[in-house]
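You will see two complexes here that share chain A, one where it goes with chain B and one where it goes with chain C.
And then the complex of A and B:
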């Protein structure tokens, strides 16, 4: 056919193609020229989709029922709390636009945002807050149950005001309102139902800037823009894909190649951080974990001899080179911890006894206890249960084994899986292990649980599993928690920290830092102390 | 005289001689690890991430500054110990069951072979992983797990040998002279069925070494024993920054397993001369 076509025809055919293409190019060019000034200003513009790694896949997106980090990250865009917190842990408005605290510290009044709608179109009112904090959360959320147990009454004088009356002052109460500690859920969906088995748990309805569109298990979770969001013009993004990528090496590659735009927590192994930091398309920050503020430590079972002796525990503290752990095992991520409270958490006390690596001091303490080395230089044998959280924790265990051998403590490493680890630690069947806990911004919320003797509870993980008990420390924690005067409160917490650091109930290792990598296309991503958990209603994409 | 012909037959195979030399080197390295490297292989003796041929670290150091050369020497100990012991256990169990099944036949044979098949239907490696995970990783549990998955082929081989030898004249003669079953099994049949068993046991050591390495690679090794698989497993994550940490232990595994296979072949030549000549032509 084509061969028989005369030359002219073919030329005209080609023109017929070229004209529209040329026109299109012209239009695009003009558009681009018109649009240029806006982009040059680099201001927020509507549009764009963000791809974020989520690992492991959350089991459910109803944030009240599950608060694992991956759930928080995804559901933190769907649900909201009354408050959020900046990186210095000052409260910021979220569903509450303002709040007053009575001078006696007993009455907290929250004024709610107006014009907020649930994703199903129903209006959000104070009734939802009262329902969430009196009925829903106390039943399903242990941390919220503890916070709201301080309340005598929770009432809604009108549709946009909620009043919490406390039984006694509890100044940490203001830190109980971020989205994972107290997500507000819709009363019209949950009232009078079986909360845990409500079919609506599969299709979460929140007030947040993004709504659940689709969840392909094992692959991705797709959130789309909530067009009825109460802040005008927000969010900027059209949607967010949370991508499940189980393999660590694949995660690093996906980030490097731009297939995903964000990683957080432990997504990127510490040894990959250095090379990814150099990637031209990525920016790394360790900010945004101030609310979590994890501290890692070697957990010690005080029921086992000679671990019940303070001198022995101090010797452990002197024997371990924690700078090495930070620099060589965590590749520079984190700060050497000085005591039970993270320096990012409120009420941190820097003036405490210091333990730097000093083998002579460690040996002297052991000699003092009468633990003499035998012919092989061994003073005592202990087991170390390796925390099954991946390579880095395995390296830590190996390092501790070698370090402690130098002071004559012979360690046998024991490997186990996550379930076995939780089972053994919570039932006190260990000598030493490693662990890390979040502090939730405040000692009364995230620190006291590890050290007070009232929290020695067999079978409960992340309680005082060491069996550490010091009545003075108990009293100081209790007094500080209800002390309304900030100066007196700080004094009690400072005194507590000095005592605890002297006792060495655990060998503190690092104030852990997590690397968050964000593609440079996206701005305003990590802006608060909640970091990747926050709502992302201010995140925008810069057009290339 | 007999041993002389054995060595002649073995040495005729060049590859087998090569295998034997390597194996001797590995054994010597394992035996004298403590002399060559007095410090524990877990000790952080040097700066981390030193490349090979650095001062005081011939093969470099790993992520924590542990000497790779020391790790390889001590790893040889672990690999050989686990390889040999688990094979020995597997041989005892496998040959005993196979011998009973082959000698007595009938319902004994049926029962024992169905039992053997039970193990053969489960993939070897999966079963090892499950067993080690259940019994918590330690040298003993690893040896037991490897032995448990390795004996069935030996049992079948022993059964076949016993079945064929049982009907031979010299065995029939021994029976008519009224010798006990035990005496017949141990004095008459077993010595005559040893050759194929030795060959397959030598190959089994190689498999056991590989199995142990794979277990340690997955983090299911004894956490207190430095082994080659563990070294690769822990260095795998930094392979883009530090190739030597996984390369040298990998080379050690490769050479050892190769040597064991070559030795197995040489033994086959020496012990089954007719078979091997047919094969070579």
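And then the complex of A and C:
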């Protein structure tokens, strides 16, 4: 989902040109970072309101308590993290204006922006960061709980400095600070309260460029400009309406007719993308999902015979035409995945064993196992739990059923809804299903959780639900996560990827891409690797 | 009068008993579905650990035995408290009250439109049975009845919003326009045209077909011949004699459908992004938001019971032979 914009637009080109300059400025220790990708000519001006599709409607907007994608998208304009990341996953300033890492990789010092205020007017200080990372997030946020468990101490030597001292080196730590992984919440509102039941959760108070004005459930969420935002003259927009439009076909029509200005993630079904790309008022990009970088796969329950046999899993890999899946089911969105790490994620290793469609090889592997076809040509029967995330996944399941029948694997499709799917998969009550997980920029944050045996935990979704276990892989993940030397770290991760691809714990399908449609009236919309989640303090509307 | 009071008293006692049974059954039914709100939220978060799910279950009160949860729920409902949606962090009443007006406005208008048009067209068709007019109405009704409702909705959007640009495609009002008074009402009315037409068309078809069939049965009866023989004008015969006798089955069906006004518009609310209660119910099912779902079930049950009583009253008004008091 996070490919560069194929048809390089003007402002995007400027962005590419400016990012290196920006990085230089950073290195030189220039404090006032002005991430201004567009210059004067058709320059940004104040004013304008953007209408963005949000679907499904978020349950609440307290980003620490809820991290589903729609919540991130809306609350990412209200709350901020210490950092954000560009499309090559280099860290950029957000609430932290600069940072230093000690050579031993144990001390991370963040220097905070000055003059930042909470939406209720109280000053934002290092105390809020310490409270968020030591008390609030470890209590309520699973990902943050894991990240900050690496810390020995988190302290604030002064109002604008925060020091994280780690127990041992954890070089992925720098990737744990974007707004959804570690949203900074106000200590003066939450300190000493029951975080989950605090009435203030209904009226989120952040530091971001937009404030919550009104939320009419089932209809829209209205954010308005934060006039006290710490960047002078920002944001440009007067406000953003997030519109709840539950029907996919209606969403496409709303974009086409100009009633909404932006869609993202799965808002538009892949089969509608081609026709919407032709709409004269819209621009489509797949950039801005570099940090999420999901990989989709067929999830395999290794506790079920014959799925415990590596040869069987390899046969599945050879039996499925993944180019077809990309071209005909996802209509060209995405890249065929080569292994556990998305090529946009850090530490990706391209040199791994390759599997392309080869039915003869697949059958030979099954013969080798002694799985002989019966009179009907069936070698074994398996269940496939269809992931209830829309029509495309249903089509995928049907294609897999047909593909596997060709090598004598008879599939029964089972349907359920989200609650049923999570219940079954997390309790290991499945043979095969499909799934996709975000990688959060770094294998230690988003990849290892799927493959290490220490994360085989019944009842927990998005853990190692397959029950895959390879002690060598476990050791390599563990060693790489705390390896401070980048060369040695890459070596460990590369070795891990070769081993995992050989084992085929899951049948990787695609490095997924999501289409983001933006009305051409709006510029600077997708500028970072967080894309639609980012703060939008640079977005502006061109005058008609 | 005493008879009528006895009628209402009897119905009320029955209603309470029925409601109690419905609440218990609904409660057990929704808890029988696989997964719970905590599972759903863990699934949506894209990441999780055991502590996350355990904390949610504790917060939602799902860690207590089912019987205890049921007892608590009935206790709350009997005092008029429909509970709290932990997912949305709001009392269920507040959520329902926010969404109820949009649905009622939509379904009541569609219902009224369908009744008037349906009975009108059905009568017209029956009176002119066998003619071209009858054929046209019958075909129209059949088409409206048989075409998937969401497809009609989408086609209307495509034509009137995207191609012609006459009407807004979705929503309840122009968001952010800051309209007040008459302008605001006009704005809502404009947004209502397409969804009301779509939903109304379907029900209209039902009533038209029913009216036509029923009139054809009545029109040849002896009392109609008598009325004609008396030399009454044809319109009087049709409206006072035929229609009044033919309309009871239509009222029965309308009474049943009126009870479903709250939940019957999920598809329309979805296609037109109408912020109503049907969608709230649908989402609550997927999210296992038990309290919200039970609250909606409860309100719908009350509606059905109320409309049953109202239907009985209307029977007795139209047909004096039906006496509620006895």
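As a working rule, the second predicted complex is superposed on the first by the 504 of 544 C-alpha atoms of A that agree within 3 Å, B and C clash if a C-alpha of one lies under 4 Å from a C-alpha of the other, contacts with A are read in each partner's own complex, and residues count from 1 in each chain.
Quick note on the criterion: contacts are C-beta pairs under 8 Å (C-beta built on N, C-alpha and C of every residue); 3 or more make two chains touch, one makes a residue touch a chain.
Everything quoted here is computed from the prediction, not taken from an experiment.
J.: Taking chain A as the common reference, can chain B and chain C both be placed on it without clashing, or not? Answer clash or fit.
T.: fit
J.: Between chain B (first) and chain C (second), which, if any, makes contact with A:428: first, second, both or neither?
T.: Touch partners of A:428: none, neither chain B nor chain C.
J.: For A:386, is the partner it touches chain B (first), chain C (second), both, or none of the two (neither)?
T.: first
J.: Please indicate which partner A:259 is in contact with in the superposed arrangement: first for chain B, second for chain C, both, or neither.
T.: Second partner only, chain C.
J.: Mind working out whether A:395 is in touch with chain B, chain C, both or neither, as first, second, both or neither?
T.: Only chain B; A:395 stays clear of chain C.
J.: Regarding the shared-chain residue A:417, is it in contact with chain B (first), chain C (second), both, or neither?
T.: Touch partners of A:417: chain B and chain C.
J.: Which of the two partners, first being chain B and second being chain C, lies in contact with A:146: first, second, both, or neither?
T.: After superposing on A, A:146 lies in contact with chain C but is clear of chain B.
J.: Quick check on the superposed pair: does A:202 touch chain B, chain C, both, or neither? Answer first, second, both or neither.
T.: In the superposition, A:202 contacts chain C only.
J.: Between chain B (first) and chain C (second), which, if any, makes contact with A:245: first, second, both or neither?
T.: It touches chain C, and chain B stays clear.
J.: In the overlay, work out which of chain B or chain C sits against more residues of chain A.
T.: C
J.: Smallest separation in Å between any Cα of chain B and any Cα of chain C in the superposed model?
T.: Nearest C-alpha atoms of the two chains are 7 Å apart.
J.: Of the residues on chain A, which ones does chain B touch that chain C also touches?
T.: 249, 416-417
J.: Across the complex, what residues on chain B touch chain A?
T.: Chain B reaches chain A through residues 40, 42-44, 48, 63-65, 133, 136-137, 219-220, 223-224, 234, 237-238, 240-241.
J.: Could you pull out which chain A residues touch chain B in their complex?
T.: 248-249, 269, 271-272, 275, 328-329, 386, 391, 394-395, 397-399, 401-402, 405, 412-417
J.: If we count contacts the way the header does, which residues on chain A are in touch with chain C in the complex?
T.: My answer: residues 49, 51, 56-57, 59-60, 66-69, 140, 142-143, 145-146, 196-197, 201-202, 216-220, 222, 239, 241, 243-247, 249-250, 253-254, 256-257, 259, 416-424, 426, 437-438, 449, 457, 459-463.
J.: Where on chain C is chain A touching in the complex?
T.: Going by the criterion above, the answer is residues 33-36, 39-53, 55, 59, 87-90, 95, 98-99, 102, 150, 154, 157-158, 161-162, 165, 168-172, 175-176, 269-273, 275-276, 279-280, 283, 285-288.
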